[in-house]
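Presented sequentially are two complexes of chain A, the first with chain B as partner and the second with chain C.
This part shows the complex of A and B:
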């Protein structure tokens, strides 16, 4: 009879190694967890893991950051006592099957997004639609912010975009209400952080990278993007280059 | 023992998921692309095996990459669907309660209709009768647009029908919830939303199935009651090997099922 009381999902095809070596304190934690697990049947917990995976996938397809409170309310429900187990298994499944990682971008309010852990590929044929255009616009804004020293005033951003024939006041052929897209949608999706600058009247705003931008791309990539457009070497911008080389994030 | 998931499989899954549904030739291209990038063994005719590997790993999640046929052109499509189905699960996380109610109402109208279409006027008339929370017509129009974007509905000339992806995802749900009303194709026995119906005996057939079945018949007769088949027979195009990668024009259909 195995010493491990940790119950595994039936038919779960995950390579869960590392379970074989448990320290005594881990055993105590595991057996507490497994007592909770026993209150719910294996099938029920499996079901919850699967529901959580689907919930996370659906939310993330729409780039909506996922709040822990939503997870608890809409998926976990009365399985709160095995919350960690369910979330951990869902995370492992997302990684193993989808190549997606569950990342907490706000540790205070417990907000999550999914990031692809697959290496970048050229000519990726992800759905080419309005989304692609929006991401293009976003890249331009993010790179502008980075080149300006990681923070830019709204006036400067809109002036820059005006040169690309994107005006906050006018309805854009592709982006529609651009002001709403930039100041609401991109902010809600955590790509941008826009905060009012104190003591300005009329109020001016500061544009910075949001936590999703920081996870999904990197300063290095942004610099490369700018360099490509301008036909120069990234090292041309010495201070940004130094900063980009020293920064974390995907290559 | 199923093959291992590789990054090639994962990439395929991620891309398919972002599209919602993919046409057969697109899927084959993606298969090759994913195998090339991740240096995974590739055989051009082994897409189904490749997908099976993914499906083995999706099974504990009650999900599956399923193959289905478009009612419009008979082309094979691949979509990631939910298997655990007591209600519109996938949509439930995406839309508000009254949006879901509007969708269910639209689905009712489509399934109960003669031709598998509901006019936008019909749907919008229900907007202010929603039990959960009334909607103005303008808002309902936006929601319908969203359903089309998300590939739950498709729109043609101001009329709405279920998108292939929706049919693939919800076939079981529809067949059980609309028992007796929802029609099955007499040829392929799958759910038929758009169909041609025999006016004598009432059996229905998918348009692509009609095209295939009555191909080159000068006097088409109902396969069930033998009465003259009164409807226009859709044209069926030549087999795969002769087709270019472009979609067929107008009424040309794939003769594959």
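This part shows the complex of A and C:
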């Protein structure tokens, strides 16, 4: 991951050029940041920016959100004082070079994910692997949750999945341990949020959309998906349609 | 659940279970009053306690402080019949059963068309008429919590504006999209289990996933094409490779001699093969002109993947030259049928749209086809060096 010689490609925006499109408040921050910048050479900071870009790209492979503490520990190190400068520039690079957006999904705990700003390429021969199949399962769950009013009980979800020959207790030929996939992996990736319902004994869980799902897709898109599968117009489900049109989304 | 007798106010040794007098219910000083209270709940019209019950209760009222001195109460003391341990245990069991059945059949109870929740409430009400002690009352309270949670959920599902979402229909449509091959199911009514019969192909979820990707803005997984490490690890691998090459060289010397022989007649061999297969096809079509041959039956050699690929290669010449046509039948399986002679090759080229197709067949797929279609013998026999041609029908 280390780069001895970094080529100054057109993708990297230098700190000074960015000043042009800054608002006055950002100018103030920049001037403070630029004082810190003077402590480190420009090459060093550029180096850190590209290291961060690579770090984020690799960390995103498993779709597990990236913690700011990890970023600070593994990449930023002693450049902590110019942290925001580095992160902002890394974000710009990701956007301009890769078409990816760095999004903070938890402003309290500072957790980030990468999402694509480009629409998905269409084509017949795109790669299909386990991630593809898992996304199919996830979409089914997300659309079920939305159509049922943004929240569903675990019993209802598993009963629905049973109709699709997916059983929590059995090993699935594609997904393996489905229960683990749904209740642990999807939750860790922040696609789903599963919380226990109080006053239930034995404990039951509530399924909701996680913050990653809210960013990577939208209610409108999931409604479109349901409509396509069922061969109906999205407006067929009037209240869900109203809700979907009203909610903001990345798409 | 603590024993009803273990109320905080009276530090008394545990006496017989039938002693229900130690109820620390602040609102009443009499046991009897508690059961009256319950009677109120059940029968809306009743105002005052029933005279017969109050007789025994009045006894206790006169000596509220001395109540705890009575270790044993006569069985008939409690008018509402919860006096002895056995019946109380029975009530507790019935409550537990009721709670369990409500929990297990939750989805059923939520169904807006079912009145099961009401029935359960009525049963609990009946049970409650036999309750006079805190322990059973606690179970009743537990049931009440459960029932009211369910009631709340049912109310939630009644969203007057929310358009009903038919999830079973959605599930069926999903299965259809995934390519469910619905075979005729004779016996059981699939509606009972809520599960469709039929064969779901192994790429079902991948197919669905490919569709759903359009609705997501997922960042593609980033992987370095050449690996993310620097050069060190490959070195030991090279050493191993060199060793393998050393042992392999001798065998290679033997092989080229054979290869050379084949190469000379390579061109002719292909044409010969194509002709042979064409002859086979035409014979078959002459015998049964209306029955198209399944493509798989024709080309698949269950014993050799390589020959299968060769067969497909040879058959493609036949199709290219217009002697046969490849189509999909009603089950979407490929069949091969003769192109009529009188259509003429030239007309064929101009009038009909000629399509190109690329077929791919992996070793795994080949094995699956052999299994699925139960192909035991190859229809196209192995190429023979002699002039005689082998013809085996599948």
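Convention: the second predicted complex is superposed on the first by the 213 of 251 C-alpha atoms of A that agree within 3 Å, B and C clash if a C-alpha of one lies under 4 Å from a C-alpha of the other, contacts with A are read in each partner's own complex, and residues count from 1 in each chain.
To be clear about the criterion, a contact is a pair of C-beta atoms (placed from the backbone, for glycine too) under 8 Å apart; a residue touches a chain by one contact, two chains touch by 3 or more.
Worth saying up front: this structure is predicted, and the values here are computed from it rather than measured.
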Between chain B (first) and chain C (second), which, if any, makes contact with A:96: first, second, both or neither? first
Once the structures are superposed on A, label A:217 by its partner contacts, choosing first (chain B), second (chain C), both or neither. second
Should A:116 be classified as contacting the first partner (chain B), the second (chain C), both, or neither? both
Looking at the overlay, does A:57 come into contact with chain B only (first), chain C only (second), both, or neither? both
Report for A:194: first if it touches chain B alone, second if chain C alone, otherwise both or neither. neither
Any idea whether chain B or chain C touches more of chain A? C
Considering only the touch criterion stated at the top, classify A:46 as touching first (chain B), second (chain C), both, or neither. first
What is the shared patch of chain A, the residues that chain B and chain C both contact? 57-58, 61, 98, 100, 116, 118-119, 126
Mind listing the chain C positions that touch chain A in their complex? 103, 106-107, 145, 149, 153, 156, 159, 161-163, 165, 167-175, 177, 194-196, 200, 202-203, 205-223, 228
What part of chain A is in contact with chain C in the complex they form? 1, 57-58, 60-61, 63, 98, 100, 113-120, 122, 126, 128, 131-140, 143-144, 147-149, 153, 155-156, 159-160, 162-165, 173-175, 199-200, 202, 215-217, 221-222, 224-226, 228-231, 236-240, 250-251
Seen from chain B, its contact residues with chain A in the complex are 2, 5, 7, 10-11, 13-15, 17-20, 29-30, 33, 37, 54, 56-63, 82, 84, 89-90, 93-94
Under the stated contact criterion, what part of chain A meets chain B in this complex? 9, 11-13, 46-47, 49-50, 53-55, 57-59, 61-62, 74, 93, 96-100, 116, 118-119, 121, 123-127
